[in-house]
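In what follows, chain A forms one complex with chain B and a second complex with chain C.
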Partner chain A sequence: MNGISCSINALNGLYNISGVEVGQHFYWQIGGFQVHAQVLITSWVVIAILLGSAVIAVRNPQTIPTAGQNFFEYVLEFIRDVSKTQIGEEYGPWVPFIGTMFLFIFVSNWSGALLPWKIIQLPHGELAAPTNDINTTVALALLTSVAYFYAGLSKKGLGYFSKYIQPTPILLPINILEDFTKPLSLSFRLFGNILADELVVVVLVSLVPSVVPIPVMFLGLFTSGIQALIFATLAAAYIGESMEGHH
Partner chain B sequence: MANMIMASSKPVITTIVASSSFPSTPKLQKTPQLSLPRIPTPNLLKSQQIPTLKSISLLTLTSLSFAPPSVAAEIEKAALFDFNLTLPIMMAQFLLLMFALDKVYFTPLGKFMDERDAAIKEKLSGVKDTSEEVKQLEEQANAVMRAARAEISAALNKMKKETQLEVEQKLGEGRKKVEAELQEALANLENQKEETIKSLDSQIAALSQDIVKKVLPL
Partner chain C sequence: MKNVTDSFVSLGHWPSAGSFGVNTDILATNPINLSVVLGVLIFFGKGVLSDLLDNRKERILNTIRNSEELREGAIERLEKARARLRKVEMEADQFRVNGYSEIEREKLNLINSTYKILEQLENYKNETIYFEQQRAINQVRQRVLQQALRGALGTLNSSLNNELHLRTISANIGLFGVMKEIID
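Right after this comes the complex of A and B.
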C-alpha cells in the first residue's frame, strides 16, 4: 500500500513536470475586470517585433533596395496583391487593415512556435502565441465584421441593406445568418488551428521527447502561416464582396 | 476531447474522486487536464480498489460533458472560452498597431515604391522619345551630307569646264604659234631653196661652160 502511494506520488510528480495545462490563464485585475495577462504580454512582444523591424528596415529607402528593404517591399507587394485581387480597384485604403491583419496573425503564430517562451515562468499558466486565446481571435473577427460593414455602408449608403434580399427574398434568413457565421468561422478557424497545433506539439513532446515532434512543429509553422493568409484573404474577400455590385 | 472543452466540470469530479481514493495528490484537483493520461496510470496501480468508483466517475464525466455551457458557467468559470476585458484590449491594440504600421511602413514605403515605378516609366518613355529625336537628327545629317556632296560635284564640274576651256585656248594659241613658225620656216626654206637654185643655176652655167671648154678641145 505504501509502495503504491509512493509510486503514485512519483508518477504524479513526473506528470506535473510534463503536464499539459490547457485553459490556464495568468489573470490580472484591471478596474473591475480580469484580463489574460499572458495574451497581453505576448501581443506586446509581437507588436514590438513588427514595429521595430519595420522602422529599422524602411528607414532610408534606396532606389536599389538593401536586403531588409527588399524583403519589406516584397511583403508590401504581396499584401497589395491580395487586397487588389479580392477587393478590386479601390483597394488602396484597405491595404493597412489587411496588411496589419496578416502581419499580426503571422508573427503571432510563428512567435508562438519559434520563440522560447518557456524560459519565462509565469505564476499561473504559460506564455504562448497570443492567437491561441479566444479573445484575440474573436477580437480580430469582430474587427473584420465592422470593417466590411463600414466598407459596404460607406460605399452604398443604406442601399447596402438591399444585398440581404439580393438574389431572392427567400434567402433573407440565410443572408442574415451569414453575418453571424462569418466572424464565428473566422475566429474559430484561427483559434482551433493554433491551439490544437500547440497542444499536439506539447503532448508529443511530453510523450516522445526526441526528434519525433520536429516534423509536427514544421507542419505547425506551415499551417499557422497558411491560417494567417486565409484570415487576411477572407477579410479582404468580405470587404470586396460588400463593396462590389456598385454600377 | 469533449471533456477538455467542458473542462470546467473536471475539477468538481476530481475533488469527489480525489477525496476518496487519492489522499496524496491534492494538486491534481486544481488543474483541468487531459483525461487520457490520467485514467490508465491509476488503474495499473489500484487494481485492489473498488472498480465501481471508476465507473461512477466515468458516468458523471460523460453526463456533465453533455451539459449546456450555462451549467458549466455556474459550476466554475470556463477556462477555454473565457471572454473578458482582454477582447476589447486586443481590439484597441490591433487598431493602434494598424495606425502605427500605416504611418511607419505602409504609407512611406508604398509612396516610395510608387514614385520609383513612375520614375522608371517616365525614363522608359523618355528613352523612346529620344530615339525618335536621334532618327530625326540622323536624317538631317544625311540631308546635309547629300547637299554638300552635290555642291562639291557641281563646283568640280564647273572647275573642270573652266580649266578645259583654258587648256583648249592655250592649245589653240600654241598651235597657231607653231603653225606660224612653221610657215615662216617653210617660207625661209623656200627662199633658201630658190636662192640655192639660183646660185646653183649660175654655177651650173659656169660649170657647164667649164665642162664644155674642157671637153671640147681647142
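Right after this comes the complex of A and C.
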C-alpha cells in the first residue's frame, strides 16, 4: 500500500515533468465495445461547428450574397472544382461526399491545432484533433474504399471487375493489392501527419513554452490543411478512376 | 525505481489518475502561443479572404448587371421591331385601300372619256347625216327650180307676143312707182 502510494506520488511527479500522454485514451463502454470517448467528443464538436455554421450561413439566401453566404458558396465552388477535375463529367452526385470528407478533415485538423483543448481536463487521455486517432482515419479511408467500389459497380455493373486484368493479366496481383494499399495509405498519411504535428508542438511547448513553438504551429496549420485537400482529392481521383471508361 | 516502473506499466493498462476539470497550467495549455497564432491567422487571413470574397461578389454583380443590360437591350430591340412592323402593316393597308380607290378612279375616268369620245362620234355622225340631207334637199330644190324655170321659160316663149310684153312692162312700171311712194 505504501509502495503503491509512493509510486503514485512519483508518477505524479513524472506527470508534472513530462505531461506527454501518448496512447492513453478515455474509454467509454458502449455495448460490448470500448470507445475512444475523447475522439467522439471532439468529433461532435467538429460536427456541431460544421452544421451550425452551414445552417446559419444559408438561412436567408440572396441573389447578391452576404458575407457568410459568399464564403460558403466559395467553398462549395472550390469543392465542385476539385470533384470536377478528378471525376470528370458525372461529378454531380459525388460533391456532397467529397465535400464532407474535405470539410470534416479540414475542420477537425484546424480545430485540433487552434482550439485550446487542453484547458478541459479528462480523467484519462486528453482532447485533441479527432483525426489523430488511427480509428478515425481508417474509418474515413474505408468509407472512401466503399465509395469507389460503389461508384465502379453502379456504373459498370459486374464489368467493373474487368479492370483487374487491364492492361495485362500479369498485373492482376498488383491490382488486387492496390485495393488494400489505397485505404491503407490514405489512413496512415492523414493519421501520421496530424499526430506527428501534434506531438512536435506538445514537445516543443513542454521544452520552451513561449515563442519557439509558433512557427511549428503555423507549419502544422499549413500541412494539415494540405492533408485535408489531399485526402479529398485522392478520394475523388479513386472514384473517378473506377468510373472512367475503357482505356 | 522498479516499483515505479512496475506500477507505471500496470497503470498504463488502466490509468486512474485525474478527473474532469479545468487545467489552469498556463505552460501546459499554451494559450499565449495559441492566441498569437490565432491573431496572426485572423489578421492576414481576413485580408486575403475578404479580397477573394469581394472579387467573387464583384464578379457576380457584374454578371448580373451584364445580363440585365443585355435583357434591356433585347427588349428595346424587340419593341423597335414591333413598332416597325406595325408601321409597315399600316402602310400596307393604306396602300391596299388607296390602290383600290385608284383603280376605281381610273376605271371611272376611262369610262367617262370613252363616253365622251362616243358622244363626239355620235355628233359627227349626226352632223354628217344632216349635212347630207341638206345637200340632197338643196340638190332636189335646185333641180325643181331648174325644172320650174325651164317650164316657165317654155311657157313664156310659147305664149309671149308684143301686146303681152307691153302690158307686162307698163304693169311693172306702175309697181315700181307704188314701191317708191311707199319707201318715201
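Assume the second predicted complex is superposed on the first by the 229 of 247 C-alpha atoms of A that agree within 3 Å, B and C clash if a C-alpha of one lies under 4 Å from a C-alpha of the other, contacts with A are read in each partner's own complex, and residues count from 1 in each chain.
FYI, a residue touches a chain if its C-beta (ideal position, glycine included) is under 8 Å from a C-beta of that chain, and two chains touch if they have at least 3 such contacts.
Fair warning: this is a prediction, and the values are worked out from it, not measured in the lab.
**Q** Can A:F97 be said to touch chain B (first), chain C (second), both, or neither?
**A** It touches chain B, and chain C stays clear.
**Q** Scan A:L51 for contacts with chain B and chain C and give back first, second, both or neither.
**A** The answer is first: A:L51 touches chain B but not chain C.
**Q** Of the two partner chains, chain B (first) and chain C (second), which one does A:F222 touch, if any: first, second, both, or neither?
**A** neither
**Q** I want to verify the contact counts: of chain B and chain C, which reaches more residues of chain A?
**A** B
**Q** Of the two partner chains, chain B (first) and chain C (second), which one does A:L114 touch, if any: first, second, both, or neither?
**A** In the superposition, A:L114 contacts chain C only.
**Q** Counting only touches as set out at the top, which of chain B and chain C does A:V35 meet: first, second, both, neither?
**A** Touch partner of A:V35: chain B, not chain C.
**Q** Could you look at A:T63 and tell me whether it touches chain B, chain C, both or neither (first, second, both, neither)?
**A** both
**Q** For A:Q24, select first, second, both or neither according to whether it touches chain B, chain C, the two together, or no partner.
**A** A:Q24 contacts both chain B and chain C.
**Q** Looking at A:E73 after the superposition, I want to know if it touches chain B, chain C, both of them or none. Which is it: first, second, both, neither?
**A** After superposing on A, A:E73 lies in contact with both chain B and chain C.
**Q** Is A:Y150 touching anything from chain B or chain C once the two structures are fitted on A? First, second, both or neither.
**A** After superposition on chain A, A:Y150 lies in contact with neither partner.
**Q** Output the chain A positions appearing in both contact lists, the one against chain B and the one against chain C.
**A** Dual-contact residues (chain A): 4, 7-8, 11-12, 15, 19, 24, 63, 73.
**Q** Which residues of chain A touch chain C in their complex?
**A** 3-4, 6-8, 10-12, 14-15, 19, 24, 63-65, 67, 70-71, 73-74, 114, 116, 118-124, 201, 205-206, 209-211, 213-214, 217-218, 221
**Q** For chain A, which residues count as touching chain B in their complex?
**A** Chain A reaches chain B through residues 4-5, 7-9, 11-12, 15-16, 19-25, 30-31, 33-36, 39-40, 43, 47, 50-51, 54-55, 58, 61, 63, 69, 72-73, 76-77, 80, 95-97, 99-100, 103-104, 130, 133-136, 138-140, 142-143, 195, 203.
**Q** Hey, which residues of chain C end up touching chain A in the complex?
**A** 3-4, 6-8, 11-12, 15-23, 26-34, 36-38, 40-41, 49, 52-53, 56-57, 60-61, 64
**Q** Would you mind writing out the residues of chain B in touch with chain A in their complex?
**A** 4, 7, 22-25, 27-28, 31-34, 37, 41-42, 45-46, 78-91, 93-95, 97-102, 104-110, 112-113, 116
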